[in-house]
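So, here's a batch of structures to check.
After this come two complexes, each holding subunit A, first together with subunit B and then together with subunit C.
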Partner chain A sequence: MDLSFLTVQVLSALRQAAFLFLISSGLTLIFGVLNILNFAHGALYMLGAYFVYALTLHLTGPAGFLIAILAAPLGVALIATVIETGLLRRIYMQEEIYQLLLTYALVLIIDDLAKIVFGPEFKSIPKPEMLSGSVTLFGGTVPVYTLLVVVLAPAVALLLWYLLYKTKTGKVVRATSSDREMADALGINMSALFTLVFAFGAVLAGLGGALAGPVRTVFPGVGTEVIIESFVVVVIGGLGNLWGALVGSILIGSLETIGIIVFPEFEMALIYLLMVAVLVVRPWGLFGRPLKIKALSEKNLAMEAQEISPVHFTVHPAVRWAPLLLLLLVPLFAGRFYQYLLTQIFVASLMAIAFNLLLGTTGLLSFGQAAFFGVGAYTVGLLLTKAGFGTLPALVLSPVVAAAVAGIIGFFCVRLSGVHFAMLTLAFGQLIFAVVFKWYGFTGGDNGIQGIRVNPIPFGGMGALDLGSTQAMYYFVLVVVGLSVELLRRIRSSPFGATLKAIRENSQRASFLGVNIKLYQWTVFVVAGAFTGLAGGLYALMEKSISPEIIHWSKSAEPVFMTIIGGIYTFAGPAVGAVVYVILNSYLVAWTEKWALVLGLVLLTLVLLLPGGVVGYVNEKARQTLGKLRCIHKWPFSKSATS
Partner chain B sequence: MRKTAIAVAMLLVLASAASAADTIKLGGMFPLSGRASDLGITCKQGAELAVKEINAKGGVLGKKFELLSADDKANVQEGVTLSKRYIQKDGVNFLFGVVSSGGSLAVAEVAKQEKVIFMDTVGSTDTLTKEKWNRYTFRAGTCNSQEANSLAMYAASKYKNLKTFYNIGPDYEYGRTMWDIFKARTKEQNKKAEFIGEQWPKLFIPDYTSYINAILQAKPDAVFCTLWGGDLVAFIKQAKPYGLFDKMKWIIATGGDITVSKALGKEMPTGLIVDQRYYFHWPATKRNQEFVKAYQADYKDYPSAWAAEGYDGVYFLAEGIKKAGSLDTEKVIAALEGLTIDAPRGKSTLRKEDHQLSSDFMVGETVFDKAYPFAIVGKTEVFPADKVLYSIDEWKKAQAGNK
Partner chain C sequence: MAILEVRNIVKSFGGLRALQDVTLSVEKGEIRAVIGPNGAGKSTLFNVMTGLLAPDSGNVVFDGEQIIGMPPHRIIRKGIGRSFQITNIFPRMSVFENVQVALFSHHGKSRNPLHLARKFTEIGEETIAILEQVGLAGKYDMSASILSHGDQKRLEIAISLASRPKLLMLDEPTAGMSRFESRETVSLLQRISREQGLTLIFTEHDMDIVFAISEKIMVLQQGAVIADGTPAEIKANPEVRKAYLGEEITES
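On to the complex of A and B.
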């Protein structure tokens, strides 16, 4: 390895790091102050690049280029201000997950709007002549633009340092980041500060996009790739820590550059491996501190009051069984397509309800459920196509294998909490995705497995159950999902479930009572993994084609949507959310090319107007009505009544 | 007054009922969002143009074509769901489109289960018509072996002094199989060829500098590159300051893609060995010129290769139905097998055995022509399908493992 090679390589690593730093410094700043993991940060990066593109169409020459690069971030800041004051501000009182979902809805909306405004095709931003050439440095060729970026990014870092550490506003920002209540109590104008920080973070993202645009390409959705990488950076560095973002960027930038040369085969998985390694050794990142556990008083009481006690609200069994009976009759009058759609809904419901055992019941946000879904699906797919297993044994093994994988992953994950837990599950999920995607000989790689043959299930000489028709599959999935959901319901209302809720509400107090918190969390993680795996197994039987996409993190986002649409603190919520989500998705896609825009708007509306989810809203209304009717004089277990 | 209103209403009802029964429905699936959307959107536009032309002439068997189209998000699972929806709810006569190889394989599986004909357009893996062949699936587009073999033969015949070859391609099945086919054919043509290294960047990564550096370090005579679309644009922009295109010969599959040339404009290096699966400027036949003119009239743009493949797919179906004289699946299959049409790209046949398109394939090098503000493909050579497409013997061998 000679000097020229080294020079080029180091500089390209630094350029990569520079772009990453610009994006993740804004991300980490916003998290530090607003406590929001801003999913839309990638979309803001994209807007920065698009604005430069639009401006350079009119402004030519080096001066025009410079103006465009400087003006674009300001445009992004303007949009960010609108987002913060118009939308985000309304839901600061909710749990973080609502803010995360709101920013995700914004990604859908902004990406689709960008497609409408700028067109679907990728755009290339031309650089002025003086920045297109290259110079020779230590015998290596170095593009002028790389030098510009590598010099500019540290300048921005320096400026940030100055602003944060040497100015009054900066001190206020840091104070708020370290203790929000105290800052509030001291009379700092929180809402103005939040707007300022969000807009400033957007400027950084916009600048990143503006600078990266001319050497990359820009297209609708370009931010999504960038945002996940930036999440990795800020989590490795420590959430909310600027120096963490800096070090994280340099680490990831160099790892990607070295990884390509040294371990080309593992390149895809490297950054997630690093993230897993860092979080396992230092759960809060290299420079991070443990997150403050949110005080109970900060939480939205009205919502949780619905479910503070394990026994407070049970539906009459007749009401529970009636829908099941109805579903048994559906194939008599509904066509094949509706049976198929319902089968999809059953599978999605099982995944969402299992997921909510983690989120709603235990308070753990897993962002890697697709991994278990995929493991289940691939277990069935591989056993049926390669090992000649019968349908039933393969299906039975799918939750077993998924549980085993969840056992290993859960062992590491339950040491963490909050966003860190979510990020570690995301990293593990992406690792499994990378393995399945790459392992052509075993999993079929990115093409997946097609034509999974579902053999009839024999009944020991008493004939066999043929699942070939849509209707047979409908009944089979309905029965398996129905039994699983009943099991999950029992788990949730058992003493075990009650303990999980205690952990969610106050894990410190629960541990004083002698509960082994980590063991409980690990157990529930495995249980949820097993049922998710079963859902995956059913999915493979039903669709007969599987591909690595079902393991990708975007699949992990689906149960999160469903649960929030339906209502976190209710058992039926995720299932209702699954109904809404699957139908919405299916009909929107067939109805309009702009499905993402509509879906985004629907999610946005739901988050803003029905924060308790559909079922939460219905429960709340029912309770109010019952209260008015004097059926219940005083809600016996609600928190508001006791505290 | 009221009577007329009722009469009009009844007529409308009748008309809509009649049209519902009397159309030939194509269930089109294209990526209309995300990173492959420009492929999907132009493919859809090409198909729409063909439908418009056919309907203007009165349709086929007295029935008009109707193209339903939906966004499959370039997602395999979405393709499966959509195709089931089309068959079970909308009662389509044919499945149509699909851009990604994985998606094509999965939709072909649905076609086989449901016994509905699937006309694949852009999804180009050989596997679809070879190892995983089924009798309901046809492909109106070119496939990987045709492309990689043509490139290998062009390079071997015009640049005999190339000895060391290097690869950079996206890390998924397309990139891997293209390199395998290219290597095999190059080795056949040039005994001294050596393959000294390969790089597999992830699909859709934004930055290629370290790969560029690795290639600079390896100093190969030629690089085979299968990056496409936006990835290729980003790669070329980032590699140009390093002088990478002057230091070695470049062989870039779909490097002549018009969306790439347009995005790069004058930044496109010349002398790259490239192909495009269809050219708006070749062949200079009346058929092709008419197609380009009609496409430009509707969409104010040159047709991309993907547009032409969507367009051809509809024409194949129309001709097949005409020949079969019926919409019966078995009869249409029989009619499509071995069917030859006069397509914009020239004489095009769906091979009887494997249902793969067989047509001439042109390879050339990037040049600038005063007529266009972007690079086009010049110094061309045409390869007939029997020289570059996998042979029927190979197909027969592959059928042994296909159940």
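On to the complex of A and C.
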């Protein structure tokens, strides 16, 4: 290895690190003060790049380029200010998941708006002549622009250090970051500070985008690629820690460069492997500290805080069985398209209900459920195409394999909580995605597995069940999902389920009941993983072809949406959400290209106006009416209680 | 016979010695107060006894068994219940569920994933019985988050009772309560201790309460025991008067 090669590679790594640092420093700053993991940070980065693109169309020459680079972040800051004051501010008192979702809804909305304004194609931003040349350094050819970025990023870091450590506002920011209540009690104007920090974080993201735009291309959705990388950086460094973001950026920047040279196949996997390794050894990142557990008084407990707790009602059996009966009759009058749509909904419901056993019941936000779905699907796909298994044995093995994988992943994840738990599940999920995506020899890589043959299921000499038709598949999936959902319902209403709820509400108190919290969390993680794997197995059977996309983290977001749409603290909520989501998906995609925009707006509205979800809302509003109609009734301890 | 023996506990946080050679012996059925100014080490002592903190040295023997080094959930299973200074309930569960879930754990049913919780009628009856004991049975189906502060505290005691402890440790059971609520809570505690032979250890700032119900009082100051004895002895102890009580205690 000669010096010129080394120079080029080191500078390339540093450039990558510089971009990462610009984005993740803002992300970590916002998290430190606002306690929000801002999904929209990548979208802000994208806007920075687009603004430079738009400005340089009109402003030419080096001066114009400079003005564009400086003006774009300010434009982004303006948008961020509107977002913070108009939207985020309303939900600071809510639980983390709602803040996460609101920023995610913003990603969907901003991405589609960018598509409308700037078009769907890739845009490249021309650099002025004086910056597009290259120089020779230690024998290696290095673009001038790279040098500029590599010099500029440390300058920004230095400026940040000055602002945070040498100015009064900076001290206030650091004080708030380390103890929010205390800062509040000292009379610091929190809402002004939050706006300032959010806007400032956006400036950094915008600057990152503005500088990266001319070397990378910009297109709608580029932010989503960037944000996950930045998550990795800030989580490795320690959420809320600026030096963590710096070190994390350099680590990831170098690893990416080394990875491309040494293991081009598994470059992507390396990053997630590093993240997993760091979090396993240091759960709060290299420079992070455990987050202070929010006092309960701080959280919004309005939800489910009605005068009478819904758990003391039972649904009339007829109400429960009627939909099933209806579904059994559907194929008599609905065509193949609707049967297929419903089959999709069944699979999605199973995944969402299993997911909500983690989120709604236990209070664990998993962002890696797609991994278990994928493991289930690939188990069926590989066993059928490569191992010559029968349909039923393959399907039975899908939850088993998924549970085994969940057992290993869960072992590490349940040691964490809140955002850290979500991030570690995300990292494991992406690790599995990266491996499946590139392992051509075993999983078929990005080609996936095509033409999965679903053989008839033999019935011990009494003929066989042929799943060839849409209708047969419809009934088969209905039965499997129906049985699974009934099992999940029992689990949720059992003493085990009650204990999980207690862990969600107050894990410290639960441990003082003599409950081994981590063991319970691990168990429920494995159970949810198993049912998610089964959903994946069914998916492979009905679609007959699978690709790694089903393991990508954006697939993990789907059950989150469904659950929030339907209602997080209800059993049927996620299923209702699945109905809404799948229907929106199939019809909107046909009707408009702006499907993400609509979904984003729906999510935004729900988070802001209907945090209990559709079913939660109906439950609350209609309890009396439902009681009068005898659809629900109170269960019987009331007699001895009121005597 | 002593149900709890705390022997020579030492615990430091960095340079600060939070507990210095604390020794405490509590008889079965006794009501024992642990008092001392803020920062005297009361909560630290409780945390050591329930496994939340590991001491630097020393022993805790409960019911003839060494419990230092056990995780909290195992110590609870040995028969120590605990209530906390900050109200510690399951807010978005009903009053009934709050106690029911504790009983599931006590009866070893928490792992049962396939039977409906409400079908456990015996546990249901037991739940109601405990709620009646603390006077919350009428509110069984209310969400715990909307109870008054006093009721939440009582619910917390009910949760602790559900694990059928031999020893109940209460960290400021009347903190933040109105005078009326405190008096009710105190008589509730006294009654429970008497009826069930339950041993109580509690910390408290309100001296009226301490002297009204304690059989013995231990006084901590800066992590060290400065006095341990009957209320009369404590009142008469000149060191206690000087160091902690000042002139606050006048013979009444």
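Rule of thumb we're sticking to: the second predicted complex is superposed on the first by the 613 of 643 C-alpha atoms of A that agree within 3 Å, B and C clash if a C-alpha of one lies under 4 Å from a C-alpha of the other, contacts with A are read in each partner's own complex, and residues count from 1 in each chain.
Convention: contacts are C-beta pairs under 8 Å (C-beta built on N, C-alpha and C of every residue); 3 or more make two chains touch, one makes a residue touch a chain.
Here the structure is a predicted model, which is why all the values come from computation and not from measurement.
Contact with subunit C, but none with subunit B, is seen for A:490 once the two complexes are overlaid on the shared chain.
Legend: residue contacts after superposition of the two complexes on their common chain; A:502 is shown touching subunit C, with no touch to subunit B.
Residue contacts after overlaying the shared chain place A:257 against subunit B, while subunit C stays out of touching range. In the superposition on chain A, contact is made by A:590 with subunit B only, not with subunit C. In the overlay built on the shared chain, the residue A:41 is in contact with neither subunit B nor subunit C. Applying the stated contact rule after C-alpha superposition, one finds that A:515 touches subunit C and leaves subunit B untouched. Of the two partner chains placed around the shared chain by superposition, subunit B is the only one that A:212 touches, whereas subunit C remains out of contact. Taking subunit A as the reference chain, the count of touched residues is higher for B when subunit B and subunit C are set side by side.
When the two complexes are superposed on chain A, none of the residues of subunit A touches both subunit B and subunit C.
Across the interface of their complex, subunit A is touched by residues 50, 71-74, 76-77, 81-82, 84, 86, 88-94, 96-97, 100-102, 104-106, 109-118, 120, 124-125, 127-128, 131, 137-138, 140-143, 145-146, 159, 162-163 of subunit C. Contacts from subunit A toward subunit B in the complex involve residues 5, 8-9, 12-13, 15-16, 19, 111-112, 115, 120-124, 126, 132-134, 141, 143-146, 212, 214-217, 219-222, 225-226, 256-257, 260-261, 264, 267-268, 335-337, 340, 344, 437-438, 440, 445-448, 450-451, 470, 543-547, 549-550, 586, 589-590, 593, 595-596. Residues 32-35, 37-38, 41, 68, 70-71, 73, 75-78, 80-82, 84-85, 88-89, 101-102, 105-106, 108-110, 112-113, 125, 127, 132, 171-173, 176, 199-202, 204-207, 209-214, 216-217, 229-231, 233-234, 237-238, 240-243, 259, 263-265, 267 of subunit B are the ones touching subunit A in the complex. Interface residues of subunit A facing subunit C in the complex, by the touch rule stated above, are 295-296, 301, 303-309, 311-312, 314, 487, 490-491, 493-499, 501-502, 505-506, 508-517, 520, 527, 569, 634-635, 637-638, 640-642.
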